[in-house]
Amino acid sequence: MDVDVKTSYRIADLTKSFDRAGVVALQDVTLDVPQGSIISLIGPSGCGKSTLLSIMGGLLSQSTGTVELFGADVEGPPREVGIMFQKGTLLPWRSVIENILLPIEIQSGKKAARTARPQAEALLTMVGLSGSEERFPDELSGGMAQRAAICRMLITEPQVLLLDEPFGALDELTREKMDLEIQRIAAAQGATVIVVTHSIPEAVLLSDTVYAMATHPGRISEVIDIDLPRPRELSIMEDPAFGRYTTRVRRALDRGHDTAA
Amino acid sequence: MTSSPTVHQPTGRKRSRVSLLSGWLDRLPQPAAVALVVVIALGLWQLLVSFGGVSEIILPSPLSVGGQIIEVVKQLTTGGFLMGQLWITVQEIVLGFLLASSVGFLIGLWIGQTEFGRKAVMPLFVVVEASPKIAFVPVFIAWFGFGIASKFLMAAFMSIFPVIINTAAGMNAASAEEIRLFRSMRASSWEIFWKLKFPRALPFIFAGLKIGIVSAVTGAVAAEFIGGGVGFGEQVRVAASRIALDRVFALILVLSMLGLALFGLVTLAQKKFAFWDSKKTT
Amino acid sequence: AEQAGAEGGGESGETPTLTVALPTTSCLVSIENYVAQENGFFEEEGVTINLEAVNGSAGVLQAIAAGQADFGGPGATPVLAALERGEDIQYFLNVRPGGSFYLVSDSDSGIESASDLEGRTIGVATADGNEVSFVDAIMSNEGFSTDEYEKLTVGEGGTAVAAFERGEIDAYAASADGYATIEHAGIDMTDLTTDSVDYMFGNGYAAPAAVIEDRPDALVAYSRAWIRAAELVADDPQAALEACAEYQPQELEDEDYALSILDLIKQNRTPVHEDEPFGHMAQEDWDAILADALEAEIVTDESLDVSEAFTNELLDQINE
Amino acid sequence: MTSSPTVHQPTGRKRSRVSLLSGWLDRLPQPAAVALVVVIALGLWQLLVSFGGVSEIILPSPLSVGGQIIEVVKQLTTGGFLMGQLWITVQEIVLGFLLASSVGFLIGLWIGQTEFGRKAVMPLFVVVEASPKIAFVPVFIAWFGFGIASKFLMAAFMSIFPVIINTAAGMNAASAEEIRLFRSMRASSWEIFWKLKFPRALPFIFAGLKIGIVSAVTGAVAAEFIGGGVGFGEQVRVAASRIALDRVFALILVLSMLGLALFGLVTLAQKKFAFWDSKKTT
Amino acid sequence: MDVDVKTSYRIADLTKSFDRAGVVALQDVTLDVPQGSIISLIGPSGCGKSTLLSIMGGLLSQSTGTVELFGADVEGPPREVGIMFQKGTLLPWRSVIENILLPIEIQSGKKAARTARPQAEALLTMVGLSGSEERFPDELSGGMAQRAAICRMLITEPQVLLLDEPFGALDELTREKMDLEIQRIAAAQGATVIVVTHSIPEAVLLSDTVYAMATHPGRISEVIDIDLPRPRELSIMEDPAFGRYTTRVRRALDRGHDTAA
């Protein structure tokens, strides 16, 4: 297969089943993600979004099919990728800032982590957590912990971001602010973003393409390209085109909900 | 019961030779792996005997111990005296372990669950444990005689501490969220303990029981050593004072295999009762 | 095995250094060694001695086999066992010709002699070796076969006392210090030992044949110093006790107890074969000990040559 | 570092008398709590002596032991012989524990981290541990001489198993999510170990070290018992062979207090290094 | 003070500070919740919503002020209350159905739990999890785990429900369905519901009163009564009044966001 430099992820005929539980989590997923684009996965609970993200992140292997990133098979967590999980998982023995600096420490050592402290502080300010650097995770609210986890993922400036419901525990305002930040970061770094979300407006606001998924078995049911100009501001949500897109996505979701779910 | 989907190994750098070897070792079936270790251990042992400048009355050679093992097994399988001695010791071990694990569990709870236990009861047990317990053998014999009662109590005495400490440590294993959940359901202390803390403590408790069962073996043997009388440990002592080191090692090996079998039973119980804690995907 | 004291041994002009492994950590039981050391007798006789104490004859033989000690004080039976296993170790000095075991009963029990022990239970410290042979020898001399009395292993010290207190034993085979200890614990003891066990001498000194061959002078020097010390102990036991102040002061805390041990040990030193030099061993005694060892299955090789187990050839020099 | 906000006790039913008593006990300051336990223990002990039908040469009375403790402390504080013996034993314990904890930790890792370790190395150590370790004293003396080397190695030998088992068990304590997080950051096995599994294993490891340090005390003493020679344990043996039971108990108590102090040090280290795991709000 | 039978929670001058972290989480909160009403708490991340719920649930004690439920001081988890936490927390050694039956088992024993199995199965069907009874928590997706936790809270049919972002991990459709279920259950059982949410439409759809909160320090900044007829259907979201309410809540939230957050 020819390597297309414009493509980051190229997924073909991917299937994943959990044999023990007798579940087909994903069936025949085919998906090309152009480099620098933002796509979102939206779909009913249990349709395989997290599973797909785990496979893309090299943390889980598919049952059949191929997953390539920049032309190479994904066989483990690729260097270019930063992942944020549905569960934040901060380490209780590290302060907030130490948690955020963890990926730097792991990839480049303690000294690099010390050097990166200003960036970490800037990220904390961005997510509204400045002043909480030295607090410990059990002193944070749910949303604060989630924001700290976002900072931890952003600190390494990954080329590809895999985000699993990153803003689920945030209020709408903070969430929208975060959406714009993600858009800004992606544009500034030419990064590719794949985000799982349950918020239809968020999906439309962020994405170049929305993949609507359906369940039993988990699959991609519809692909909706969002042709709105970038950079997008919150005001775009007033745009009638935005409304039309949200309606389309909502309809796709409705269809994806099978009777059992 | 937990599903363990296949996962990728972390890649990046090329795998080092060490990790290739270790991967190969990890994939050996258990009998082969055990055989490998046994062969290496025997080889080292033979080397020590051959070149370590150690006389046979200090460290017998694997070969002569092997001969004695055959002898011992022969005596065991034809029943009679030695089998009787082993049976006595087995009883001491099992009774001692059962006593130590049940009482140790209760004391561990007391220490792990209450401030008073932690602050005042624990030091008492540390003090008792730090004493050379064989010094209490005469007291045990004075009270319980030369029969197996004094021996299995001694075995229990010698194996109770790991159970206590690990049970106490395990009482801290449930997360704050889980405890909050139970409190919100108005669970009584008993239910918080039984339905939450106890299952969460199982990995600790089983580690304690594993140490305990092995200590019970040595405890029973030590009690026989000091307290005299009958049992397999006494047979070891007799062989030792005859300087029949090959015999000593052969008898010890039989005891050790017994210990290993009991250890295996505890591990089986762990697999059954703490199934959800079995190996996580690495 | 390499020799522990070898560094000073071979070269002329220097005092040879030897390490001796004593079979007990009790200072009183091995008092002669400490008296000799404290009074400089070893140096005066031309040898430097390191005293090391282990627990029991097996430890002594193992320390010698390991090269940690040049010689030591094992019992006769363990030496036979070692011999059977290929260690060429030899007794060269029998320092407890009078034996070191006592058959004792609780004086309140009404047991006055060994003949009263029919159908009774006799406690032994360990189920192996010497005490068993000791008891069996006395009892068979009284005309009892082994099924006409019981033997119960009760350990030493506290457990033996517990056995008396629980009434589980009627008599007990004790070493000198065990005897003194039980008596000291407040149980009045009657000595039932008969002369039928005269052949059973106590722990003496033994060395590998190679050491006896290569460094007889050092062993002789040691032995001479030992005998001088023994005389001092006999003459002035109170003064002798001083030697233990540095090694085991605890044993001196009760002087009566300490002196009673020294008195018992003095009996142990009394020769049975009166015309022989001190330290002498008789072939027939060794034969009897070997017979006991074979009977007890401590040794299985009936063709074992006891003359390999001892030598009297240093005694002339030692006693000269 | 963790905050522990005041929380309500579960209410509902009226508090039982038991829980009132236990609450009162829990609120006692540590010295008072310890004093209470000591007084009760001494009382029970005196009762056993008075009515247990055991003579003083088997179980001495608290009073005569108290007198001997004064004697022992006097001898210790005036320096000289006994202090020297104690110092030897302290060295054996500390060296033995340091060796056991470091080597035991490494072996525990091997067992906890690799399939091969679990399947083949662990059985080997179980077999070794299940043997009466004092039988190896002569071998240790043969190799390492009469000095403290053979004794502290014996102490290490006797205290290594709890460290191994608990370290191995602790390697399973990190959650699947945490491991996934680290893998996603492309952490090497070393980093997963050092930054995740090791901190998560600390509650297990410290439980192992607590058992280990106390075992090192008894290990050193046992080595002195069997190996003869010098040290505080030897003093206990001499006292025991004299049936000076009050002295035996007094000496043992000194050793035990030493054990308790070392145990306290390990607990302090745990508070410092596993601060985030300290008591959860119940 | 007179006991008003129509009031469930009566909270006066409540303040909560976390001394160690030096945080004033709640200041001067005063709040009356009429029995049988549904109220929601909405506000920026870290404004003290979860803390307030914990205090109401008797799991945390206030620093000052009073919290009464049905006229009695709250001094521990009250009998009438069922709580659902922000983190679902299922026990890994229990199957889904065993997790759901846990509160019954705890309050009435194993036999009662066996008897209640049909109810548990009905609840599972309601949340779209029928067929997953015997699965274990680590085999569930994030949203499935959250739904199981909802069932666990509902199984005891509590008179007062305290819900902390109960539907945060659910897609919009499932979420709306759940909202209607909550309304139905509340009406059927005369239950009082206090729900923390980040979704403005959800707050308006569900509530009789929306309490908007602000941060630094955490406090109630605005009280918005929602005068829409009940039972409400999803179609009510098309109602212009609904739109006006969402706008009001959004404005209140905007004001509650201080500059730091």
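As written, the chain order gives the labels A, B, C, D and E, with residue 1 at the start of each chain.
Here is the rule we go by: a contact is a pair of C-beta atoms (placed from the backbone, for glycine too) under 8 Å apart; a residue touches a chain by one contact, two chains touch by 3 or more.
Keep in mind it's a predicted model, so treat the numbers as computed, not measured.
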Both-way neighbours, i.e. chains that touch subunit B and touch subunit A: D, E
Touch-network distance, subunit A to subunit C, counted in steps: 2
Dominant chain pairing [most C-beta pairs in contact]: B-D
Greatest separation from subunit E - chain, by CA centre: C
Gap in Å, rounded to a whole number, between the CA centres of subunit E and subunit B: 49
Distance from the mean Cα position of subunit C to that of subunit B, given in whole angstrom: 39
Chain centre separation (subunit B, subunit D; CA means) in Å: 16
Subunit C, residues touching no fewer than two other chains: 58, 62, 65-67, 157-158, 161-162, 165
Where subunit E touches two or more other chains, by residue: 18, 20-21, 59, 76-77, 79, 87, 138-139
Contacts with 2+ other chains: residues of subunit B: 3, 10, 12, 54-55, 58, 138-139, 142, 175-176, 183, 186-188, 240, 277
Partner subunit D, residues of subunit B touching it in the complex: 10, 12, 19, 22, 25-28, 30, 33-34, 36-38, 41, 52, 54-55, 58-59, 114-116, 119-121, 123-124, 126-135, 138-139, 142-143, 161-162, 165-166, 168-169, 172-176, 179, 183, 186-189, 192, 203-204, 206-208, 210-211, 214, 217-218, 221-222, 225, 233, 236, 240, 248, 252-253, 255-260, 263, 277, 279-282
Of all residues in subunit B, those that touch subunit C in their complex: 53-58, 137-139, 141-142, 145-146, 226-230, 234, 237-238, 240-244
Residues on subunit A engaged by subunit E in the complex (per definition of touch): 18, 20-21, 23, 42-46, 49-51, 86-87, 128, 130-131, 135, 139-144, 146-147, 164-165, 168-175, 198-200, 250, 253-254, 257, 260-261
In the complex with subunit A, residue positions of subunit D that touch it: 1-3, 175, 177-178, 180-188, 191, 195-196, 199, 274-277
Subunit A residues touching subunit D - in the complex, by the definition given at the top: 54, 57, 59, 76-77, 79, 81-83, 85, 87, 89, 91-93, 102-103, 105-107, 136, 138-139
